[in-house]
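Dumping the structure here so I can ask a few things about it.
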Amino acid sequence: MTRITVINPNTSAELTDAIALAAREVSGAGVTVRGVHPADGVPSVESHAEEAIAAVGVLAQVREHQADTDAYVVACFGDTGVQAAREVATCPVVGMTEAALQTACLVSHRFVVITLPARTVAHSDRVVRALGLEHRCSVVAVDVPVAELVGGSTHLLDAFTDAARTAMAEDGAEAVVLGCAGLADLVGPLSRAIGVPVVDGVAAAVGIATGLVAMGLNTSRANTFAAVELP
Amino acid sequence: MTRITVINPNTSAELTDAIALAAREVSGAGVTVRGVHPADGVPSVESHAEEAIAAVGVLAQVREHQADTDAYVVACFGDTGVQAAREVATCPVVGMTEAALQTACLVSHRFVVITLPARTVAHSDRVVRALGLEHRCSVVAVDVPVAELVGGSTHLLDAFTDAARTAMAEDGAEAVVLGCAGLADLVGPLSRAIGVPVVDGVAAAVGIATGLVAMGLNTSRANTFAAVELP
Amino acid sequence: MTRITVINPNTSAELTDAIALAAREVSGAGVTVRGVHPADGVPSVESHAEEAIAAVGVLAQVREHQADTDAYVVACFGDTGVQAAREVATCPVVGMTEAALQTACLVSHRFVVITLPARTVAHSDRVVRALGLEHRCSVVAVDVPVAELVGGSTHLLDAFTDAARTAMAEDGAEAVVLGCAGLADLVGPLSRAIGVPVVDGVAAAVGIATGLVAMGLNTSRANTFAAVELP
Amino acid sequence: MTRITVINPNTSAELTDAIALAAREVSGAGVTVRGVHPADGVPSVESHAEEAIAAVGVLAQVREHQADTDAYVVACFGDTGVQAAREVATCPVVGMTEAALQTACLVSHRFVVITLPARTVAHSDRVVRALGLEHRCSVVAVDVPVAELVGGSTHLLDAFTDAARTAMAEDGAEAVVLGCAGLADLVGPLSRAIGVPVVDGVAAAVGIATGLVAMGLNTSRANTFAAVELP
Amino acid sequence: MTRITVINPNTSAELTDAIALAAREVSGAGVTVRGVHPADGVPSVESHAEEAIAAVGVLAQVREHQADTDAYVVACFGDTGVQAAREVATCPVVGMTEAALQTACLVSHRFVVITLPARTVAHSDRVVRALGLEHRCSVVAVDVPVAELVGGSTHLLDAFTDAARTAMAEDGAEAVVLGCAGLADLVGPLSRAIGVPVVDGVAAAVGIATGLVAMGLNTSRANTFAAVELP
Amino acid sequence: MTRITVINPNTSAELTDAIALAAREVSGAGVTVRGVHPADGVPSVESHAEEAIAAVGVLAQVREHQADTDAYVVACFGDTGVQAAREVATCPVVGMTEAALQTACLVSHRFVVITLPARTVAHSDRVVRALGLEHRCSVVAVDVPVAELVGGSTHLLDAFTDAARTAMAEDGAEAVVLGCAGLADLVGPLSRAIGVPVVDGVAAAVGIATGLVAMGLNTSRANTFAAVELP
């Protein structure tokens, strides 16, 4: 049995539930998925300042669930706290952003991240550049707040379809990465609308994390991510 | 049931069997792994010329096994024929090199590919650059021919240990990617010897391919990898 | 006497003849140009899968013409089989794509590749990136099949003129690279229409190959391109 | 009068005092420098996890000192919390790392960052890459904990001299960036020992911040760094 | 007292006066700014050929004013002669372009250089690339000759506003760098019109040069910029 | 008849003669090569300051020889004045550095530039980066002044052999670019000593320039290199 703990870095229990539900649908046999979120923090992560606060919440969740977790998935576009979590966790940690970008590379030559709101484009840029994918990926935004995703995101289908079609025509995008947790319900409708692969990073991260566990791989403790004891 | 077909691009049945055996050990519940190889071609892939011949063999194998395959893994460092295979296959295709590099990114800040023989460093460089990972990855070689791997590779443990330690000291490598199929039996001994994660690309690719199937993702047909009918 | 063998990787004799005819017009005194093509293979190269098949044909042509060749030019945009040919040939090998891109760098600050059909943009991207020229070159396509070039390409003048003018206005392109063999008859009309240099890669490669022979330079056998004996 | 508030992200009052003292020595006429640090947090920042905690402390300090600050300097190599601080501060924010790297570019062709401890090389890499300076800068470490700097760092002169000389000989480094706050007392001895410019990022940041205030420049509120109201 | 000598590389006394006047407005207490220009040379620098001539004039000015200069600022977008000046000057040298680009990095995620005339975009590209900032900066032009700036540049406000708004909408620019000396009078009107920071490189360079002097930093003489004795 | 004028940017007639002599040996049938140099300037180009002076001399030589030149070659490693010469010349201009680097790309996977003296490594770096070849090329130096080349350079064979062998072992170099004009007499001895291709940039540029003339290609006048009238 592989136990994946998906950490939603914000404090919205409704979003946590939606994320975990979607993740379970793609998890393989013998894999359990649990969703958790910090007790304190911010209701959504739409700025660097909110990322800073949320990252501390991610660390707290990692420490709380060590005993019954085989791999963590961090479910926030921008991979808030993932590097820090690698130092604190005793098992592998996968960010939804890195997972989504890597997955898109395997099914397309070029692709587009459609994130939200507009001010978080820089957060996506950061992960794209850390992975060296500027030459294969463009980043655009649908400028709505994360709050609009509570209760479902299918009302954003037209906006995402427009953004995707523009990127396909202008940037040669051949696949779409959904740039926010909580958009899993858009995968089906959007891929049907535009006819190309649509990647939800949480789903991608669950699959990749399952593979890491199967291979017995954990974060290297050689240097950068050596274990840290927090106060 | 997810059916993964691992294509060994060279004609060595012994290597095919060893690769498939190792892949099965890390495949999850509900996943079957079969190893195949071209009937004609080259006994090993150690040059661009041999890659050219082997790539045609990969395409033939893709066509032969379409009916009972849910995802292909191409088991040759350098990802020979993977792009072409994406056009011909009706399901996802994952190269062992891209899978290994992506996996190493998730467990280390910097890592090293140890490939063989020395003349194939350029083949690794090609994939590293296609994925944009020059800033996180160095490539070195143990200069022995692929033929030496038939029957097992643990006799190369000292050579790999030396190469890994040099890269750890000089390049800051924190994980190792094994730069050849057929080295899976080195994963355990080498990781114990050097104390950092060691990644076998075939194992990594099997996990990633399983995830793609679970998500229902296939290669984008939008443009670059639109289906091709070969004569 | 310098003997250049231009290899057309597809099986169209008509295209071979047109390419060789155009190449002869720019070859210097004391240079002979012969056009050849594989006996078997694909009628055009418009996908990675067709590239794989064509590359094997390039190798066969290299082996067949060693005795009376001083340098090979591979006449397929994307430089199909060029790296492999360097290992097998006993003399220098120049790809039309690398030759065209290098030439454009010498007559402009930024330039555009206009290739065809649209799905092969990724093939141009690959060579642009291998040479490190992303910062000076954009790649666009006129979406017609290669088959349309048989018998001449001047009917595509308007389409190329439009694509060039767009790239000049939007990307700052100051020169044009024709992204396919068999477009040499467009060089004159297009350069007159848009008033900037237009580069045919085959012509560029013939000049560069002549220079390599004059300098007595051959492919380095030190490592990557050491000689290979094929079965 | 220009009022610079230097934020030490860790909780060491002794380090805060040393940093502020050194900063005052290079501040121009009409500039006052005050050093502050969070009430709660970590005694030193030597990991991503500690960075996460320290970043929240940086934000708290920014909010506390808005009324009497014209520009903030964040005195932690790695620029912990700088992006977040830009959103919360009503005035400019300069990180010591970005300031040091920019300064070194103006006095050398290539330079080296000597940071500490070894595990934080990745933190320097992150800022180097965000600024695009990989081609001009190498990063090495003297592997001692930050705690060793309390009370002064001149006992590390030999270690820094050795690291600098190696980088000068092997990487062509022509200047040195001190990769930690609290090393200002090394600037004089080290530059005398090795004969090339030595840059302390806090000093550099104070000068640059003074210039920003003189020009009336503040962080752009257009998008990425639009103001954020924290709870 | 810090004495900054601003070198206008062209021979326009009127432009020199305007540049020095603007620079003085942002210089701190204890800083004097003098403007100088070559006796012979070109009336404006709008091409590589004019840059070549102007660079020799910059060197002559450096040599003439050594005795009473603590730092030089070169006031020509493209940083004509700055590298050479570093070898000849006995004190630090700062180019207006590098200063502007570095400053813009501190107040925005992405920004745009608006230069003039159009043919000099390549000059900006050169400095952007030398600093590694392609990922954060786009370069566009208002196509008017430098001669139009004599007597003031506020008549270009509409053209710059349009260019800035386009870059903000299409490239995500959040700040503007004025890509020519002699545009300082546009800083106020343009920033009011578009609501984002507008950077004049001469002003930026004066502040940065003042900081270098305060820190006692000079160009490294280790290798690249070792002193040169000209005939 | 194709008339190539090789411009030696320094004032050494002896070097000019040696360069022209070597260039003639590789020029094809129907090609004449003449060597010229500025009447005034510097005896050698070993710094940015000397480059600045030499560039003006290059422009003067271009203007003097327009009537009987079909293409210019600039024979100074670093390509001093080449961009400016493109604006002033009525025919193509090729720098020896860009020609050498492009040529090395065609005969090797990775290569090394061995330049002199050590302080000019940055000049090579500049051209390497302008062409985007950092990933394929390292730059090292033999630290002797250019003056030592007058009368021949074969006394430097041991130094170049050592530098080449080190680069082959440590950087994977498979070919060598000679990083100075006037080293043509080293091509034969060095290539025999180390067994890999050795490229003289002047020879390479003559061949490439001949090809440009044969194709009727000239510098684009669209924007960056539009014609300039100098005073």
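Per-chain residue numbering starts at 1, and chain names A, B, C, D, E and F are given in the order in which the chains are listed.
Just so we're on the same page, a residue touches a chain if its C-beta (ideal position, glycine included) is under 8 Å from a C-beta of that chain, and two chains touch if they have at least 3 such contacts.
On a predicted model such as this, the values are computed, not experimentally measured, just so you know.
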Same or different for chain E and chain F, when you check if over half of the residue numbers at their contact belong to both copies?
-> same
More C-beta pairs touching across which pair, B-F or C-F?
-> C-F
Contact-pair overlap exceeding half with B-C, pair selected from A-C, E-F or A-E = E-F
For the pair chain D and chain E, the C-alpha centroid-to-centroid distance in angstrom is 26
Any idea how many Å lie between the Cα centroids of chain B and chain E?
-> 51
In whole angstrom, what separates the CA-based centres of chain A and chain D?
-> 31
For the pair chain B and chain D, the C-alpha centroid-to-centroid distance in angstrom is 42
Within chain D, the set of residues that touch 2 or more other chains is 109-110, 121-122, 129, 134-135, 172, 223-225
Where on chain E is chain A touching in the complex?
-> 109-110, 135, 172
How about chain E: which of its residues touch chain C in the complex?
-> 121-122, 125, 129, 134
Hey, which residues of chain F end up touching chain C in the complex?
-> 2, 26-31, 92, 94, 98, 102-103, 105-111, 131-136, 168, 172-175, 195-197, 199-200, 203-204, 206-208, 210-212, 214-215, 217-225
Sort out for me which residues of chain B touch chain C in the complex.
-> 42, 47-53, 55-56, 58-59, 81, 83-88, 118-119, 121-122, 126, 129-130, 223-226, 228, 230-231
